[in-house]
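These notes are about the structure you will find just below.
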Amino acid sequence: MRLSNQSLQQYRRLWWFASRGLAAAALVLLITAILTAPSGLQNLFNGLAVGSVYAIFALGYTLIFSILRIINFTHGAIFTLGAYFTYFLTGASVGFNGLLANQRLPFGLPFPIAMIGGGLLAGLCGILIERVAFRPLRNKGADPLLTLVSSLGVAVAIVNVIQLLVGAEIYSYPRNPFGEMPAALNLGTFGGLSQRPVVIRTIQVIIFAVSMATVVLLTYFVNGTKIGKALRAVAEDATTSSLLGINTNFLISLTFFISGLIGGIAGTLVGLSVNVSGPYFGINFGLKGLAVIVLGGLGDIPGAVVGGLVIGVAEAFVPSEHVAYKEAIAFAVLFLVLLLRPQGLLGRAAVQKV
Amino acid sequence: MEGFLSTYGSAIVQMALAGVLALSLYLPLMAGQLSLASPGFYAVGGYVAALLSTRVFTGFPNGSYPILLIALEMVVAGGVSALFALIIGIPSLRLRGVYLALATIAFVEVLRVFALNQPWLGGAVGIYNIPQPFFSATRVEYLLLALPLLLVSTLFVARLERSRIGRAFVALREDELAASAMGIRPTYYKVLAFTIGAVLAGMTGALNAHILNTWNPRQGTFDLAILILAYVLVGGSRTFLGPVIGGAFLVALPEIILREVADAPGLHPAIATFLRDGRLILFGVLIAVSVFFFPYGLVTPNLFKRRRKTNVPRLEAAKAAPKVSRG
Amino acid sequence: MSGVSLPKRLMVFALVALLALAPSVLLVQAAEEPIVIGVAVAQTSNVALFGQEQVIGAQIAEEFFNERGGINGRPFRLAFADTGGDEAGAINAFQTLINRENVVGILGPTLSQHAFAADPIADQAGVPVIAPSNTARGIPQIGRFIFRVSAPVSLVAPSAVKQALKMNPDIKRVAVFYAQNDAFSVSETGTFQQTVKDLGLELLDVQTFQTTDTDFTTQITNVLPLEPQLVIISGLAADSGNLVRQLRELGYKGMIVGGNGLNTTNIFPVCQALCDGILVAQAYSYQYDSEINNAFREIYKAKQGKEPPQFSAQAFTGIQVFVEALSRLDKRKPLKDMDLVTLRAELRDEIMNGKYDTPLGPISFVETTKDDGTPAGGEIVQERFYVAQIKMDPDGKTGRFVFLD
């Protein structure tokens, strides 16, 4: 594989054109498919709706990766915790199982405030988790891979604590927590070949909007603020930045707090859409979430949203007679994308050091 | 002792198998590859054994299924897994770190969904009534098969570690560029490590299909992948003994150790109840604590020497930035 | 000791005497040491939703039958072992109960897949097993010692579809949804689809999902344009509840028939007011009017504040079968004269030969055979099945199953 400099450049140029060409062709095909298929637009909206759930799960996940370069397995558990916190802050009572059976808080908050409260509590849990599962290992200079195991351990513990305290039953929020709203929006029938009315559930529109707003805010926070700049410095080189007077530990705690806050609110919103199905509620999104952040380019914040939407839309376009293979297709797409573009969709290729 | 064996027979057998599974993940890791494909090969191996023993080698009354046939199934399962490993490994092993981990998990998930949709694999119910070689209510007799599998695998990996091939693996892990400059072909050795690991996982699956008496798509999933990774990292990823000890320990912890502690006489009833109901909470906490106190695993190569922290090279696998070579 | 006054000495003496006597008191009880029945269900993992309902049902049975004198005056005790969510865990739980707790029989496990792994262990050890919730094909055929009190759905499902037709004879167009990764739902949907064909209805589409799925928009929007008049769902509580909710939210107005997985008040919080009107095929109805069911229902409601679900009722029934079979056996051959191996073997035959008046209605068992003709375990013979319609209260939080006939 020794190429001369010139042929190397030619090869690169060729690759550049080939990959862009392929991507453009795929996009054109996709758009044609969406506009001509009988339920193309509907599928697109379905995909965006499901994808934004993946995205909103992945945002907090990817934030930690972008700063610390580690995978935080507790994110699914935080997501679950946020959903449960909100539930109890609204003043609703625990179910009939678990040690806390039939207990309730002496007060009840309006839902939107409870949701933010749930997010804040989840953020505090994030800080706590960082202190017990991540910081000790970081201070020891241990292999970053080990945080995978320590965070796995903490996640297992959290899930089982939840079950011990409040049982495994399904918890659900009150209907219409944000005031009277229709359950679904009918976007009307569109022209062309798509002759069917396009409908979408209101809560999915909310989740989509919140994940878009979050990604904008988060991107601004990381790229446009002073703290964000310091965060990126920590991400680049924690030792040097602490030498430069940046309080590394504080910033990392802050990262975990924000990640937990986003995760907790995301848990609540997804819980509104599909109910809190038990202690494994968030853990069940873990694998898909991992796929999403890798697809988007690890640690890339807009990439997490793009990755989520791509997987959501890809799943939605699986023909109904093959819907049984839906899960497999998402992962097959991931596998192919990884082979063709190992740095993910929006990730930048790191140059091999020589 | 007899009561102990009959109570925990199955758990003890699973301890041995966990060791083999951990070795199957340890091998690619030796060559610097964080592959989580082991559960996929484990699932394939289980289905191979389930199909062979229920469809092909039929006609043996229950309790008299020949052990030799199980050995044969394990060989076939190992072969089929090796084939899968070559097909998956050659394209995907140019990926690094988390990207490789995800690609291999994608393989595991695709296999699971495929099995779920195949009527000839039994769909969600899977294949059941897998014939038994032993007339017994405990599964402890399976140690006759599981222990040799563990011993042979362990000795094999131990030998491999000291051989030229093993040193090539380690060279790749420490510095791929330097290794290839020294004439070590990265792709060849990476695929080799990956394939040997696949064979071990496939054979484990084949044996476990008999032990469990049934095989279905819930065997060999993402959860197992993470668990096996924990076996290796808790046990220690720098010597073959680490994964073996780690696997045995993490299986024994919730199933034997914590149960026994909860049943210990003289315990305050409240504590005993918590130990019983909160078994998995403690399991999680102990995993987290163990990596804190033993960051290099329970077993390290120089267990009896004091070592300097700075001398320990970090695992390449965890480095996030993918290194893509295009030229 | 000289400083200790006499009354204190007396007290010490009394104490010592008491301590010395205590063991002999215990010894008297040892002859009447409780019989142990094992319960191996999923108390952890993501199957725990069902496992915890089974635990409650079994505990109520323990309390209830012990109050009524246990086994001819001798109390019994339940020993619980958590199977967790996988096959190896189920095997470990069974082995612990059989060898450590020396149980006479086992109630469990929660999932059919786990039964295929763990039941052979009990069968080989000669320990009777009663499955409270395994509905897959081939469960009693695992071995002679395996019974179930969970009726295979082929009997229940058709009546719900017929009920829908009775309520709306214009129904022609039917769509079917089922959870593809759940053994129970797969076999149930087979029965439903066959019924649809047998009744001459048009099967528009069959959509699959996973029990772990939460969003069903894609499947629903695939089906809605075909304008179905009846939707039939086979799944578990959380997923089916979400499916119903999303069907209604996306504008489906027709009838919904739910399989046995929807026969639980657990779906009320999931689809809330939108649950209203679902027809559910039931193997258990809490409204079944009999002495034993009314008693069970009262205790359950007092403890849990809601109507008992099927999983709890079936677990209760399983323990009841053990207790009644043991009592009959004891009258014939006193239990205390038998060693454990004989007791377990005799118990197996006694279970098979009995008739039981349970919360599920009158049940008995019929002996099955394996493929090769050798005798196997007992399949439930259940006389009553039900079709109920869900009626939600105006607040959307509480509701009930209204029994139809």
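Order of writing sets the chain letters: A, B and C. Residues in each chain are counted from 1.
Just so it is clear, a residue touches a chain if its C-beta (ideal position, glycine included) is under 8 Å from a C-beta of that chain, and two chains touch if they have at least 3 such contacts.
Remember, it's a predicted structure, so these values are computed and weren't measured experimentally.
Peer 1: Are the chains arranged, by touching, as a line, ring, star, complete graph, or other?
Peer 2: complete
Peer 1: Of the pairs A-C and A-B, which shows more C-beta pairs in contact?
Peer 2: A-B
Peer 1: Calculate how many whole Å lie between the centre of chain A and the centre of chain C, each centre taken as the average of the chain's C-alpha atoms.
Peer 2: So the centroids are 37 Å from each other.
Peer 1: Could you state the distance in Å from the CA-based centre of chain A to that of chain B?
Peer 2: Using C-alpha averages as centres, the distance is 29 Å.
Peer 1: Quick check: what residues of chain C touch more than one other chain, meaning two or more?
Peer 2: 44, 180
Peer 1: Please set out, as single numbers or ranges, the residues of chain A touching at least two other chains.
Peer 2: 160, 324, 327
Peer 1: So which stretches of chain B touch two or more other chains?
Peer 2: 116-117, 277, 280
Peer 1: Which of the residues in chain A end up touching chain B in this complex?
Peer 2: Residues 1, 3, 8, 11-12, 15, 65, 69-71, 73, 132-133, 136-137, 140-146, 148-161, 164, 287, 290-291, 294, 298-299, 324-325, 327-328, 331-332, 334-335, 338-339, 342-344, 347, 349-350, 352-354 of chain A touch chain B in their complex.
Peer 1: Could you list, by residue number, the parts of chain C that touch chain B in their complex?
Peer 2: 43-44, 82, 86-89, 91-92, 95-96, 98-100, 112-113, 116-117, 120-122, 124-127, 136-138, 142, 180-183, 186
Peer 1: Which residues of chain A touch chain C once you look at their complex with the stated criterion?
Peer 2: Checking each residue of chain A against chain C gives 38-39, 42-43, 46-47, 49-50, 53, 96-97, 102, 160, 163, 167-172, 175, 183-184, 186, 196, 199-201, 204, 270, 273-275, 277-280, 284, 315-316, 318, 320, 323-324, 326-327.
Peer 1: Can you list the residues on chain B that touch chain A in the complex?
Peer 2: 34, 91-92, 94-96, 98-99, 102-103, 105-107, 109-110, 112-114, 116-117, 177, 222, 226, 229-230, 233-234, 277-278, 280-289, 291-292, 295, 309, 312, 314-315, 317-327
Peer 1: Mind pulling up the chain C residues that touch chain A in the complex?
Peer 2: 44-46, 48-49, 51-52, 56, 180, 205, 207-210, 212, 214-215, 217-219, 221-223, 225, 237-238, 241-242, 246, 248-251, 266, 269-270, 272-273, 303-306, 396
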